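You will see two complexes here that share chain A, one where it goes with chain B and one where it goes with chain C.
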Partner chain A sequence: MKRWWIRIIVALLPLVLASQAWAFTGEEVMRKSQAAFLYPGKDFKARVVMKLINKDGQERVREMTMLRKNTGDAGGDQKYFMYFFQPADVKEMAFMIHKYPARDDDRWMFIPAINMVKRIAAQDKRSSFVGSDFTYEDVSGRDIEDDTHALEREEKVGSRDCYVVKSTPKGADADFGSKTTWVDKANFLPLKEEQSDKKGARYKQFSADEVTNVKSIPTVVKRTMKNLQTGHRTEVAYLKTDYDLGIEDSLFSERFLRQPPRKWVE
Partner chain B sequence: MMSIKTSAFLICLLSPCGYHMRTSQIKPFVLSLSKHEWLDLTWIFNPSILRQAQDERIKNQWVGRCAHAVAPYGRGLGRATAAALCFIALLAPFAACAETALSGFVQQNTAFNTVASNPDGPHYKWLEERVQLKLDASEGAWRLLAKGDLALDHLGRRDESELREGYLDYSGGNWDLRIGRQVITWGLGDLVFVNDVFPKDYEALFAGRPLEYLKRGTDALKLGAYPDFASFELVAAPNFRPSRTPDPGRFRLYDPMPGVANRETDTPGGGEWGLRIYRDVAGWDAALYLYHGFQRTPSMRSDSMTMPTKITYFYPELSLYGASLSGRVGEGVLSLEAAYYDSRQDQTGADFTVPNSQTRLLAGYQIQPVEDLSLGLQYYAEHMHDYPAYRAALPAGFPVDDRLNHTVTLRVTQLLMHQTLRLSAYAAHNANTGDQFINPEARYSFTDRVWGAVGANLFSGKPWGQFGQLSNDDNVYLQMRYEF
Partner chain C sequence: MFKFSLVEFSIRRPKRVIWATVALVLLFLTQFPRIQTDTNPKHMLPETSDVRLWNDEVDRTFALYEDTIVVGVANDTGVLNRETLGRIARITDEILKLEGVASRDVNGFTTITNVTVEAGTLKVGPLMPGAPKTEAEVEALRGALFGNPLLVDRVISKDGKTTAIYVPLEKGANGAVIADKIRAIVAGEKGTERYYVAGDPVARDTFGAEMFKLMGIFSPIAGMIMFIAIQLMFRNLSLSFTMMGVAMAAIILSMGTLIGAGFPVHIMSSMAPVFLMAIATDSIHIFNEFYFRYREKHDKLAAIRETMAAVSRPVRFTALATTAGFAVLLFMNIVPVQVFGGLIAFGTVVLRLFSFSLIPAILTFVKEEKIAKAAQNESAELDRTARFLRRIAEVGATRPLVTALVGLALVAAAIAGAAQIHVNNNLVAWFKPSSEIRVADTAMNQALGGTSLGYLVVNGGEAEFLKRPEAMRWLEGLQRHLETMPVVGKTFSVADYVKRINRVLHDDDPKFDAVPETADTVGQYLFLFSMSAKPADLDNVVDPTFQKANLWVQLKTWDAEAMRQVIHAAQAYQDAHPLAATVKPAGIAYFNLVWNDEVLGDLVLGLGLALVVVFIILALDFRSAKWALVAYVPLLFTILLIYGVVGFVGKDFDMPLSVMSTLSLGMAVDFSIHFISRLRQRLVESGGATDEAAVREALLWTAARPGKGILRNALLFAAAFSVMLFAPLTPYMAVGAFIVSMMLISALLTILYLPALVMLGRKRLFD
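Take a look at the complex of A and B:
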């Protein structure tokens, strides 16, 4: 009798395991992807070099140190600090963002020319980040609840197995009509994303061009966002990437916006 | 406080000490700045007066002596430049062992008159080439910054070179210290200054110079303390440094006594101090401000009311008590600011030639309705406290300021071409006098190192009004800069 039960269990096991693999909804995949892409580590630091390249190949460079600290769990509040090195006319400018998932961010900017810290309006989540093809949301994340997410299929990107999730904005605040994301099944990093505009035409395309392990955390260290309608693209390299550095909470303050400590921004 | 319109008038007063004459202070010029969305340049501008001696010199004695020593080697560079070089040279040993960075720019700046030539002849408000060198060195908790300009002015000035900033920082655990010439900015407004009592360069604003020239450095010691419950910033300056007001040789300012050539400036002998306390209060940025010092722009008196032979400019004593709040409201950012200006030399308000004590209020709202478009609206009010005394003392025939004075401003900024092209316009309108100021500007970054801007300063209003008196000083300006 006992053997009979064991046989049943053994026979059903593959089915159970297989169904687990399909257990994720589109929203769960995107939630895990956000955690893997934008929340790993307690904190994070990188020297970010953005190349803005027009369709004729002309380049402009934006270079900054980006610091992030999570104040809660994945999907929770975060603080960002960005200190600019290039271009020359914004050198030493600094940005601070307090990011809240369910409401508008708080943002401050330090303007070195007049030594002034100023709070700035932050409802423009879809506006370009420093003139690049990335938006603020592309850099620091879009609220999962702002879109509906449908797991459409599984597909390979290169040699990597991916979930393919289609996300459609619930409201009218987005500049895209829908986006499809290829999320690596193993580490949940987004490897590719295609955005369509509100008329359904192909609009922007994201690709994770290089993924490396930093302190055992899979990290996208090279990425590109291309505007398919204008031919303009932005290539981003994350240099000197590191996690869990013990960035103090006090860094994210007006004091250090005006005078960032060298050890954090260099 | 009296409005700028009366600032142009020489006002007579019979005092126990004899006759003396002064101008009143001016109402705030609400002026424009360059602005970038991600370089969203907003600040405020304080009352000024349209005349002041131009020979601002570095008062610091050791700097002066150094400058003297270097002068033979720096012929034509000017004392300030020599002082800047001295400053850098003295701290070179520090710089040598620290992590250092040298940067700077080369710049051409031209402003053409569009209505009339300058009172002293030329058709340009500004015409110069300029080089700035900046040394930034840090070692551990120490940092040295020295920023000096060498300028070649084509309109006859020889002293445009200067030490823009030069200071030493020490950063402790929850405190820090900065000593030397430094730019300090307080408050929240966009070219309407309520709590920012620190020196400005109003001539730079009117003459189409780049943004950073609208602020002057203060020679001060600044102590910051950052305990958990609030942040403190104490500023102490041993010597008063005034704002720079437009040169009557370049701007057609109303001069109530053009026949009196003998003029001198009486700069305060004492120092000044200020304290800013700030912290987050329920998601709002809250700050309190205290200041004791002097009006940053001068009043004036003459030696005789009936037969004046000499005019003296002086800086009335001032205490300020202010507060500000800034936070998110709706889709934008709301800024509120208030300050009480205690006119220490005119406590009763009966001395109408010294600014009356007043309250200043500012409400601003900034919003970005669509991508790369930013709108900023401000309402600014000044309320004169001892109005009956002012009215009673004001001689007949002089224009009367209103007890409450209103100004509204609008700024529109549009970024284009991946934020390399910025179109902006700033307009200020004084509801009491109808005076207006408009500053459109287009700025383009040709490369990551080269940018150029073209813009205009347009003034209109009553001939004695805050902007109207400058209506013959309309200008179109060009700025071109290579940064390295």
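Take a look at the complex of A and C:
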């Protein structure tokens, strides 16, 4: 039933976008933001370079090709495929996620050193994504229904007009107490996000550092997540970003996890 | 002649002196509200010391917390039941919400990372995300706990009756406040479980509270006891008040200076009030002499002048010796000891200034008839104490050889005892066995892996070194080697994770409970682990470049020696299994070892310095090295005897005791100075004859008259410090026992052995 609603809303999105006079609710802003940030295009590919930097400035690098394919509309199911290049000893490791908004993801990992594909439990979306300051939720999104969203004000981030939305988890399953997102009014990309922990102390801070149009889709190609409590931060650059490449559904299978086609991972 | 003019000024303008003192005291009193304590054992060594810099570096490299509170939960029927687990979950939840708690790295059942395989699916995540609702879930948890060696002895005891929640604190968090809140949280749970709240912050806080107790309760009691003792000795209230007033003024000036200058109060300086009170008793010699003089002259002002003239030299030199004894501490390596030395040296100088100003000023106000009444008893001929002292001196003076030989035999025995002394600082043992800290520490040590934590940092010198299987296996071998030692409870390293993941990936097959064959496999396993674990899980045991590993060694005892054994064992293992890596110890257990060795080094250095300085002062005072040597004997004898007893009893020779032995030189030498100065004065006053009979008679007079001052001084000193025998921390008790015995023994030895030695060496001394 819920799906049905989502579809309606998504279908109405262009209308909503067209009418500037429309007064959005916080939830609507966040829904549009999720669509613009995590669901654009039918599929997506990028070479992702992550720098994990501790407070002494020591860097660790994670480099991977990330593929994404939407199987439904915005807010619906997605499949992710990640093929690692760095660190050197994890080259050829591959990670696959089948993401379902309303239930636990399915995850698989290929471990080339022992030629094994292992299913990995996804009990915790809050855990760190490959050791970075991003959680799985930060990377692939959090269900809009899990939080209440309040449009607090409008404010500029740099030269961009933004909606400022405060999201508060309905349940106790989040790793944050609340988060505030600055959503660009023009393209609905989140430009800034501040998370507080459950004690109300500043916890993590996200920033979209560079936005460019790829196939006329506004895309955040540089982003940073900083843990304000540990001083640790993760800088992410999306290189060679592209959309609508026609990635086959069959790629997201255990077989290709072991031996993915060159053209997709290079 | 400055002192004399100060005395004259004080007698002529007594009111001005008194009011000036009162104003000064009030001024310094204003500093007291700013008092701060420092009970962090790390601050024993300066911030720039190698061990502190190194430990800080290790903390940074491996993302370790400076402070962790450990909450123990024990249930005699086992903690693995739904009720207890529900409580643990609730308590942990509440703790996570506390301000200042580093919630992301709290490790307990609900938060600690577990690596398991269930129906072919690898699971890396919290061990018990919520309290189990069914018996089956409890049994599953039991299986998970005992099936994972990483968790046994860490969050669950082998018998399943004890668990722990490790609560790291953010930098600058107030550990005392957080510990109190945790106590309130556990107090809210009804049930048969027992809770222990322990860890460094709790220990420090308790320590601080006990320090205030010492300063706020035990110091005043010591003062009261001294007051009563003085009153019993002189039976004159105004005199007793004078002595106490002088002591109080000196304490307030010294502590006010310390606090005002921004120094925090440490364990050592918390004893300063008692020390200063005791040192103030040196002015007993002034009163002692004043009474005798007044009885002879019946002219108050003249008696004051003459008294000051007679005692000025010994009082000045004893003050100098005491000051020097404490000032020697400024050369020590341990910060609180330096501060303490400076503080008491300063206080002693203040006290002596008062001796020549405030005391004569107050004496001018004492009513003559009262003095007359009190002084009636003061006669060396009539007095029982005086006769007793005379008799002791007679033994030494008439049978010097026998006395000396008995002394030599005692010295030999004492040296044998002293050889058995072993230096050890066990910070937990500083609390009494019945204290909450000791109880918690004992319980947790019995149940879990050990509360004293040391690290061994293995550095391969190049990135990725530790992913090599041979390095991993070496780490594992080192762990097994260390675990054979009785002092080691549990060890923990990155190799444990690698083995665990290997086994779990192969469907929990025990065959795979081993380090895999290739570096790539190790790298991929750890990568897999880091994808789901808390960042700290890996950061705590390996640096980001895999150049250095941090091996955790949990020790069952806080004895400094335990870590030395670990270091030796690691060295032996490395010798037997060479690996191109260095092993460097770190952690609080290592700090304690370094500090312990500093204490020993300081002891030797301090004693050496004090011996030299005191000898120089004695030689200057007597203008004779020979007399200085004689004066030295009772002093050395006393210290040797005490060391002998400490050795025989087997008590740990710790920092406070080591400091005391240095100080005691400066304090115990007072008696010799008074005795010899007055003896020689007496010989000059009585005509300068140095034949056997004249010297013997002078010796007996000295033993009876200034000897009474010595005895009174010793008794007062001992009375003040006897309070510390009942103090709440064992170092205070040890210091109390040390000073009490030192004062009594050295007074006795002075009166017995100086006559013997003077008689034996008469010809050489008086040639």
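Following the convention adopted for this analysis, the second predicted complex is superposed on the first by the 244 of 266 C-alpha atoms of A that agree within 3 Å, B and C clash if a C-alpha of one lies under 4 Å from a C-alpha of the other, contacts with A are read in each partner's own complex, and residues count from 1 in each chain.
Definition applied: contacts are C-beta pairs under 8 Å (C-beta built on N, C-alpha and C of every residue); 3 or more make two chains touch, one makes a residue touch a chain.
Here the structure is a predicted model, which means the values were calculated and not measured.
Once chain A is used to superpose the two complexes, chain B occupies space that clashes with chain C. Contacts of A:Gln86 after superposition on the shared chain: chain B is touched, whereas chain C is not.
Once the two complexes are laid over each other on the shared chain, residue contacts for A:Gln229 go to chain C alone; chain B is not touched. Shared-chain residue A:Asp56: touches chain C; no touch with chain B. Residue contacts after overlaying the shared chain place A:Ala102 against neither chain B nor chain C.
Using the contact criterion defined above for the overlaid structures, shared-chain residue A:Gly131 touches chain B and also reaches chain C. In the superposed model, A:Asn115 lies in contact with chain B only, and not with chain C. Contact with chain C, but none with chain B, is seen for A:Lys198 once the two complexes are overlaid on the shared chain.
Shared-chain residue A:Gln259: touches chain B; no touch with chain C.
Chain C runs into chain B after superposition on chain A, and of the options 6-14, 132-140 or 420-428 the stretch responsible is 420-428. Residue overlap on chain A between the chain B contacts of one complex and the chain C contacts of the other covers 52, 54, 60, 87, 89-90, 93, 95, 109, 111, 113-114, 116, 118-121, 123-124, 127-128, 130-131, 232.
Those residues of chain A lying in contact with chain B across their complex are 52, 54, 60-61, 86-91, 93, 95, 104, 106, 109, 111, 113-116, 118-124, 126-128, 130-132, 175, 232, 250, 253-255, 259, 261-262.
Against chain A, in their complex, chain C makes its touches with residues 60, 63, 96-99, 102-104, 118, 120-126, 129, 170, 464, 467, 505, 516, 518-525, 527-528, 530-535, 538, 544-545.
Considering their complex, residues 36-43, 99, 103, 105, 138, 143, 169, 171, 176, 182-185, 188, 211-212, 214-215, 224, 226, 231, 278, 283, 285, 326-328, 331-333, 335, 366-368, 370-372, 374, 415, 418-420, 445, 447-449, 451, 481, 483-484 of chain B touch chain A.
Every residue of chain A that touches chain C in the complex is listed here, in rising order: 52, 54, 56, 58, 60, 84, 87, 89-90, 93, 95, 109, 111-114, 116, 118-121, 123-124, 127-131, 197-199, 201, 229-230, 232.
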